[in-house]
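The same subunit A turns up in both complexes below, where it pairs with subunit B and then with subunit C.
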Partner chain A sequence: MCADLSRTPRTLLVCDRSSFLDHKNRVSSQVEQLHFIYKVSVLLPECNSASSSLDSVFNSFTSFYLIRKLPIYELLDKDFLQSAVYQGSVHGLSFRTRIDEDNCVALMPNGRLTLSLDKDSFELLGFEGKPSRFNHRSCSRFEVSVDLTDSSMAPGGRGYLRLLTGLKSHLQLQTDFLLSHHPGGGASLQALLSRYDWSEHKPKVSRRCLSNLVCPAPRSCDPHSLLEWLGAVDADVRCENSSSSFLSSFVCPEANTTLGHALSVSVSGLLLPHDVQRLIQELRCYLQQPQLESWVSLTVHGFTDSLVSWGGSEHGALIGGQDFYSLLMFHDHTYRLYLSTATCHTCPP
Partner chain B sequence: MDEAQIYTQIPHNLVKSLNVKPQSSSKAAAFTEAFLKNSLQKPSQYDLKDMLTHKAVILGYARPKKESAKRSSKKAKGLNARQKRKMKIFQIKPEHQRYELFLPLHELWRQYIVDLCGGLKPTSNPQFVQQKLLKADFHGAIITVVRSKCPSYVGTTGILVQEFKHVFKIITKENKLKVIPKRNSVFAIEINGFVSHIYGSKFEQRASERSAKKFKVRGTIDL
Partner chain C sequence: MSVFMDLNLLFSEDRTRLQNLVETAAHLGFSTVAVNYVFEPSAKKKQEVPAPRPINELIGQLPVVQGRSRPIRVLNRLTVVMSDASHFRPNAPEYRRFDLLAVQPTTEKLFHAACMLHDVDIICISVTEKLPFFFKRAPINGAIDRGVVFEISYAAAIRDATMRRYTIANAVCLMESCKGKNVILASAAEKALELRGPYDIINLGQLFGLSDSDSKESVSSTCRGVLLHAETRKTASGVVFTMKIQQEALQDSADSEAPAAKRAKAT
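For the complex of A and B:
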């Protein structure tokens, strides 16, 4: 690992500057692209406590379900397909499995089931897949991707039966599974849940009040240092660089001002892009109120061990697996969107 | 003539009329030996006694002709590879590609393996069974592909009809004749509860050649 640290993989930062009023803006499409959201953190400058409407949005994030030891063939169950997959969008992700190491499974809202398998499991499964993009010399990982809404994968069809027997008798894949459904919620998943050991979880909301925060000017600041500063605030790293603390030598970018207080709210869990959309709308309303500092930032993190990143493209954590975006909004409806990935992944759309 | 009569003394009346003197037996023996010694030619290079102990003495010049010539002519009558290919001897006709036709072959194979492994009880040593299976003939066995680099082979099962150097030909329950390469696949064979896995990559021999081959023990095998 030490050798690798000397040449860290290059990362890619895409900056998008536009306005919500521009009807060609791509915010909503970008938000929909990141399927498995682990955490949303919002920074509200010059704010002591969030308004009630904003608070209700934070608290109304859709709850999700954790199923222990779910056999993956249950996702191909006919009733489950009809009640959940065909009806709306299901977000499902294997939990406590590490990408690049374990067998991972993801069920995307467009009905696509993706399995990331190691070589031995792939050979046992007997279903067509393609070598992973993160293989080096030898082919040691494979990605199997099926569209469950396709006609060949309809229950009883040839491809369906083959995958079902593969998962049932050849490769008995079992993982903990995170599941959430929009718009049906738990009701449409109930048939599946009742058969296994499951628990319901509410996304966890945590609020932190910050005082005397040194803050750069968001409009003029260089994007890299601004993102770094946002990260430092989110991770609660002090930027004073005082002599008593040698843990961090990070300093706030120049041309800074000191904010009396700020509020940092973060929500974590398996979140839906749909809820993020609602939050963005609510934040826009919040910005319309007369404020001292007229900007807010919203950062959305994807799951580190999610096997898909932007859109449906493959994701690996071995060489730089970050996928997140930050949205900086101003009161005149303009926004700046920073999308970050490692260069080995596909460029964000 | 009786031997005793030769050795009898000459009767007295004959002694007188013939005027011969009967000799004592010991003297007679000494005389005979001396007579033979003188009268027999002595070949210088051969030891006579030694020669007489040899068993076969061939009299006559011409040896009887062996059957070998006939046999070789019979062999020549057989077909060569090209003719066999042309006549499609080793190809199963489509009308004969039926699963139930090969079930008796499977039963035969089952008996053969049970005999080979000496009964094949559940208490048998699995390693012993595997050692026997390595050298056994597999025609008639029901084999299943459990692992393969090519996903579409996985799960194929059927009766092994023909074994070649690099491929197995099996007939499936759907009466389909399938050709499966040995390389990059793992096969499972079940008999009386014993399931053996065969790594096809290590099995790339003809059945006849495999019986003489020594398999090496390896720690791990990768496809």
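For the complex of A and C:
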């Protein structure tokens, strides 16, 4: 038996092609499905600097809070539930917790609290959960998923008290936590924040001007090569395949043109799907202006250590992987959307 | 999945070298490591089992694991290289001072004995020479049932090209017999440069014939299983364990006044 090295881990890519003018297009619902967004990168060909309206959208992404050593039972606090969770506008994710090593927590805007625990922690907690789908021979990872808006989890209810006791006394789970509130109102979080060490962060925006960029024809290029090329541009990898460089043998796909200049902007932090929707609208307006190049690409990356994948399903990390999607928009309101997932068990919408 | 562990860092008298090893391991992302004292008894002269040095003597401040907030955990391990049946004395009191116990058998009979009889946690497969015997399914399955794991170390492969061939050949041979169960991959590193990160070792495991998930388990869950197995070795059926308390405390309580109590009548 020799090792089968030609087989690489399977990934899944869903390609969607439609037009914004078609009323049945599903872009908004698809964009909403990726809850925890780490980075948004935009590639604007033949552009030196972003227009002021585009700049203002980049700079107006909702800021988020980092709470250090938050005990997780605080997320079940009555006031916090009333003012933030029941309104359906809080995103939260544990920070600096590895999905395959540590216990991770995620709070979704629909009121769903998900905990991914290792075996010892799950047995200590004493709340019902199920084994992870990504377990191999032995069950070493468990998932506890609770709908906080459900009547059984109302404060004072049996399920609520059981989970609260579990998190308070049996398993004192404490992690750094990233929290974001929409729409841009942090007042309801102040009560929670005032009790712990917290800091507010604005998403980091970075701009890069690229010159003499070789690019493929976006309409005729096949999805995999196009996404590889987009990734190479984003990661600043040279695509010349020169003999002096042994690090990269990436080559730009065929049927290519050379752009004089291009602008690459990326925003990173805990970002909200709502802000991504606004950016898409703004980019559509930008594309309506008469100009030479007629396409724009937007790539949205999820967190590698996120608990949840597309639509709230479980995200496992065998070797490593992010969920991401790439939206290629054209001048004539048509678009191509490529949705990808790291593991082959969940399917993007 | 559990945290990443490297259960074989060779002990050396040089304190800075050991400190570098542990710091590199913490930087690479390992949460638990074990310092390995190799003991090779020879028939000629009587040798004593080395005593483990306390960790706080060897390394001052334990470094924090990269990406987490806990310091790295350092354990002690003893490896007995057996070339004769008398080399490993079961239930020897010197073995109790170590957290983990491993044997490296050199003949088929010793391998069979180690798999089925001896009370050890890890069986090391030699990677520096061609395997002197073939693996048979029966002792390997027996070891798997008992919870004993097989260890493949990769630092020799980094040092020398010939060792690389032996490592891969021996490892593939082992995987054919054990089907990827109960295997751990460890470094046996002498220097900090011979350590590799956990994800690189997962890829290396695939070269040895392990599947993706088996390979990841060999660096995390199986190692956790070894630690639990080692803890229960010192207990009675894994339920009760005894701990020696200080002698001074006993003396004090004997001296303090206790009211005279009736003795129970022996019937």
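In this section, the second predicted complex is superposed on the first by the 336 of 349 C-alpha atoms of A that agree within 3 Å, B and C clash if a C-alpha of one lies under 4 Å from a C-alpha of the other, contacts with A are read in each partner's own complex, and residues count from 1 in each chain.
Note that in this section a contact is a pair of C-beta atoms (placed from the backbone, for glycine too) under 8 Å apart; a residue touches a chain by one contact, two chains touch by 3 or more.
Bear in mind the structure is a predicted one, so any value in this text is a computation, not a measurement.
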Which of subunit B and subunit C A:G126 touches, first, second, both or neither: first
Touched partner set for A:L21, first subunit B, second subunit C, both or neither: neither
Subunit A residues touched by each partner, larger count belonging to subunit B or subunit C: C
Touched partner set for A:A235, first subunit B, second subunit C, both or neither: neither
Overlap of subunit C and subunit B interfaces on subunit A (superposed complexes): none
Residue numbers on subunit C that touch subunit A, as the complex places them: 1-4, 31, 67-69, 172, 175-176, 181, 199, 202, 206-209, 212-214, 216-217, 220-221, 224
Touch list for subunit A against partner subunit C, complex: 1-3, 5, 9, 96, 98, 100-102, 118-119, 136-138, 140-141, 318-320
Interface residues, subunit B side, partner subunit A - complex: 146-149, 151-155, 223
Residue ranges of subunit A touching subunit B (in the complex, touch as defined): 120, 122-129, 162, 165-166, 170
